[in-house]
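Only one structure is covered here, and it is reproduced in the block below.
All chains are identified by letter, namely A, B, C and D, in their written order; residue positions are counted from 1 within each chain.
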Amino acid sequence: MKRLCVVVDDREVEENPYKPEMWRIVRRYPLTSDVNFFQMRAVDVDDLLKMDYRPGQFIMGSVLGEGEAPFSISSTPSRPGLMEFCIRKVGTLTESLFGLKENQTIGLRGPYGNGFPIEKMEGKDIMIIAGGLGVASLRSLLLYVLDNRDKFGNLVYLHGARTPGEMLFREEFMQLKERDDLNCLLTVDKDDTGQWTEREGVVTNLFKELGPVDAKNTYVAVCGPPVMYKYVIQQLVGLNIPKHQILMTLERRMKCGVGKCGHCAIEYLYTCMDGPVFTYWDVLHMKEIIGKGVSDNVIA
Amino acid sequence: MILKMKKEDLSAFLESAKEWGELWGPTRKGDKVAFEKVDALSQMDLKATRTIIPPKKFLYPPRFTMFDFDDGGYVERTGEVPNRILFGIHPCDTHGIQTMDKMFLEEYKDPYYAERREKTLLLGHSCIPDEKCMCSATDTEFIAEGFDLFFTDLKMFYLVWVGSSRGHDLVQMRPELFNRDIGKDDIINYTEYRSWKSSQFTSKVDFTGMPDIFELGYNSPVWDELAEKCLSCGQCTMVCPTCNCYNVVDEVELGTIDGTRDRFWDSCMFREYSVVAGGHNFRDRRADRLKLWYTHKLQAYIGEFGEPACVGCGRCVATCPVDINVVSVSKALKEQEVGK
Amino acid sequence: MSSPKVGFYGFTGCAGDQLMVLNCEDRLVDLFGATEILSFAMAKSDNHDGELDVAFVEGSISTEEQLEHLKDIRKRSKMLVAIGTCACWGGPQAMKLEEGGYEERYKKVYGNASIELSKAFEAQPVDAFVKVEMKIPGCPIDKTEFLSAVTKVVAGRHPYLYKFPVCTECKWKENPCILTEGKFCAGPLTKAGCGAVCPSHNIPCVGCWGPTDDLNVSAEYNLLREKGYDVDEIVKKIKKFGGAGVAKMVKELSAKKEAKK
Amino acid sequence: MKTLEVVPLTRVEGDGGIKVTLDGKKVRSVTLDVHEGPRLIEQLVVGMTPEDDLNVVPRICAICTLSHKYAAIRGLENALGIDPPEKAQVMRDLMMLGENVESNSLHTFLLALPDFLGYPSAIAMLDDYGDDVKRALRLKKFGNRVMQITSGRIVHGENPGLGGFGKYPTKNQLTEIALKSKELIPDAVRAVELFGSLEYPEYPEAETTFMSVNAPAKKFGLAGDSILISNGKETDADDYKKLTSERVVPHSFAKRSLYEDKTFAVGANARMINMGKRVGGRAGDFFKEHYSERWLRNPLLNNLAQAIEMLWALEQMPETTELVASMDDPKRAEPTRLTGSGTGAVEAPRGILYHHYDIKDGLVETADIITPTAQNLDDIEMHMKLCAERMLADDKKDAEVLLALEMIARAYDPCISCATHLVTLKRL
């Protein structure tokens, strides 16, 4: 009888895509009553270098003993060294996350998802429309465009919040208003402070102030609460912005972030791999979404 | 490479093969069948049709630990898997494993699946369809690749396909049991076997045109009728060879936050499956969940890969207590009526 | 981490859940080490009242005295965890909650003799009276599931319990489905967590974990009707362990059916 | 008038308390109150099928769940004319042995011993008697394992059923039981030696009657068809009502039983008194060594009896498992009638448990369940009252009296959830 010559353990040494690396919380402070800003640095420098991302991508964040969840990256790759997130406390994991102090560690892996199609957007006019927590991923795009200002055309930033107190990064955007290379319009549904110096009313009201839009030459990125989408998309379609140039972010439950666990599937698309950024044209093909009205299905 | 083997030599061959790893094969469990660890061929039932759970349970166990963690970080838990030889895998299940391979071994290779896949040899065996088998409709009744060895029972002898170098290594352990003298009769024999097998199917299911029918029937009330019957028990997804969904939870040790990250089979039939922050559920309605599953199997996958994600094993037909399965659903959609 | 103060309390039931806690043999010492157990009458004598981080409450509530005690425990506790099917759903003793007739049944057992202890009433689950933060069902609770939850609570984490039905675990164990054999199995209506012990022993699930989150009572109902079970039998069997919870659902279901007619 | 109370009585199963009412030095009453809420299980099962009844009745009590299951099975099988296959019968013996080891080890080491050694709980004993606590946990775990293998789960296993079992254990599981039972013998021996060496105070001593199920074939055992009484009489289990005239008392949701208007006791000591001579092996030797006339008077000796019994149970296991392994898995036996009556009597760890059923057209018409603790309650109160009187006459402190009373109550291994299937001192 001959001996066996199969090599059993010739598994290639490959990275485990599910393995979180430890990141330290450098800074953490509240942006609003239930949203915190987290600034993180990798414990191991190699991990920091590996974390090469693009605006619109997300990471999977782990709290020891609690689990994992997806969070959009709020910082821009054009300012390397730190990563920033803004996170709303909605449930179990986020509650534990809010229980951590500066200098404590959490697990991160990623970046995942397609992110915004930066290459295609270069040379075009950019319109960014943010509402509520939607600013989490759009801030990354905005800062990126500002840092590479000469590569893009006109830049418009529209941001709506319920009240001045609930406007995320309010101070930061107030400062941006001073710049003359972007048109930054901020609005609140209702000013409950009496100190608000900007617009009052819903985001769509701001469209009146835009002036002429070179529709064929414009990329729009939208992210906000469900109600906002419906009206914003109507306006954009009215402006003749091509459907494949309207970019939106979808939210789905995710357990892996890398197209394995199935949770984020919409028909044959995986939000984690094929998204989370989709064009309005993509979305029009998703019967599950169209069947119910776009508004229910987009990131809050 | 196709070899010939005397039927009575199979037992001796498997005995030698055991040197490579544990031998697993289809064994009786009441009037059903399951893959169990066995000592010898005599414990297996090679006439059996489908096992309750497909062989995915080897490559991707219902629940296992991915990582051990403490505040220093996460350490992957691999290296605990024994070498296993699965004997008696049918063509449909081999197709199922190929679908899983696509899922887990391509982009972002899953190390847990990869390790088990690496340590498992697939020794296929031909089968005789029963009334629930529909692999002829999914074009998975025969198999040309994906196995290490495949044994076709031609009554007097086996034709043995060697599908991988590892399969060849097994053959080399007992070369005297195999030969290459395939004669004219053998070829005729095999041809007859193929047409005989194809003639054995009684299931009338036909999946052609399903993507369009799904598209057209997206808002059909048929879905609501099916949803009224569905128990949301999740059995269909557990027994489907191409269902891969999972959930992940952390378990901790008493008095610490050290612990393990575990992964277990999940199902899109469950309400919890699609809930997101704020409690919003994309598929709160049972009908939407059924629609997702069947759309995924019979429409979306065909659109993407040109073939259904169904391999025709008939497990959903055998398992669903309320008779919701690929056959009844596609029929209901075509006829716009849910059968009794 | 300072060790959390916990208490174990038993009300009307079989004491099986407290017993299962004691049955955590290897881990019991750890449990006592990781927590400060202020009260656990079944296990020790030196029990005292006081502020609690977590109160584990077993059993359903069936006397005025128990109700007072329960309210007191609630007042003293940051978190109240119902353990076992009796505490979570009422248990077998609550199966007739929706039907009434308690007085008669009481008389049949105790006759006209007067009992000076506290006034008794039909048993009800704990959350019928006070707020409950978490339910760990099971008749009795499962060691693994209980320890998984407790270790997390102690670590300041959120426990995860399976939300799907027993059938899922039943398939993980690769059992043939008893329902497809025409027999009555409550698996699809019952929350997983036991590891599908009964079907793994060729015995139908009788539903002792209580109802699962997303059950389709009417589907099971129709299926069993098709298999030849009569309505009475189905209702009787289904609410054996679901207690008040399932009884209510069955009632709602029959109301809906009436409305349709 | 003064009342002394121990509420709740701890380290027993269920919710009870002891209340002592004193008038000067005279003891007015000593009562074991059962606070545990009433569950009316016997009423709830009316109208159920026998199978459903079998699911529900073991839930009366988690500690004696298998005894309840078995008593119900015997009662229902008698009512329906089911003749169970031999393998099922041996399996039932095996599961009862498991429950016996589990319950006796828990009670002796963890619930009763702390009193004798002066600790509030077994946990408090860890530092000084760590080995014994570990011994107890080992034995208990093994008992649980046997229950799990035979019944499907540690508590409320559904595997034992009418006419047989859902699934019989594998050869490996049976071997595991046999090997482990042999390995644990020294632990049980230690229990006997420990309880054989303790001081048992004389205060509670009084004559009483002892009843136990008569195991067949002149063996020591835990189930049978007739009842042995220490006065030499023997009665058919079907006539259980003559032995246990039930009544309700104001201070308890548990019913009470008297025999010929006098209190009586059931439990391990009753079994040893009535059948101890039948015990062989090392357990038999120990019985001969320790048995004395005092057993007939002092309830505290039940602890010793339990220890000896636990050793007996372990010694039975290798042979019993071998017997199970030697037989093929039988089919379940089916009912031969749908209407009938039957009684099942088994020895729960704490004494005789009766289940009586009248079945009509396949549904339960009446169910009558008499638990061992219900039978013992009057006897406990009798011994407690005597003990309290004698101790107060000796000028003992209240605290000492209360502890002694607690120890008496505990010695019976009362299962209060079962009895609703315990001590307050009141001075007038």
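The rule we apply is simple: contacts are C-beta pairs under 8 Å (C-beta built on N, C-alpha and C of every residue); 3 or more make two chains touch, one makes a residue touch a chain.
As the structure is a computational prediction, the values presented were derived from the model and not from experiment.
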Report which of B-C and A-C is connected by more C-beta pairs in contact.
B-C
Intercentroid distance (Cα basis), chain D paired with chain B, Å:
51
Chain B to chain C: how many Å between their CA centres?
37
Cα centroid separation between chain A and chain D, in whole Å?
65
Mind checking the centre-to-centre distance between chain A and chain C? Centres are C-alpha means, answer in whole Å.
43
Note the residues in chain B that touch 2 or more other chains, in rising order.
249-252, 257, 259
What positions in chain A touch 2 or more of the other chains?
65-67
So which stretches of chain C touch two or more other chains?
152, 155, 157, 160, 202
Touching pairs among all chains present in the structure
A-B, A-C, B-C, C-D
Listed in rising order, chain B residues that touch chain A in their complex are 16, 19-20, 66-67, 69-74, 76, 83, 103-104, 107-111, 114-115, 118-119, 166, 169-170, 172-175, 215, 218-219, 244-252, 257-259, 261, 266, 268, 273-278, 280, 282, 288, 291-292, 295-296, 299-301, 303-304
Which positions of chain C touch chain A when the two form their complex?
152, 155-158, 160
Over in the complex, which chain A residues touch chain C? Could you list them?
65-67, 92-93, 95-96, 99
Touch list for chain A against partner chain B, complex:
1-6, 8-11, 14, 16-22, 62, 64-68, 88, 90-91, 105, 107, 251-253, 255-256, 258-263, 265, 267-268, 273, 287-288, 291, 296-297, 300
Residue set of chain C touching chain D in the complex reads 10-17, 19-20, 22-23, 25-26, 28-29, 32, 41-47, 59-63, 65-66, 91-93, 95-96, 102, 105-106, 108-111, 113-118, 120, 123, 139-140, 143, 194, 197-198, 200-203, 206, 208, 233, 236-237, 240
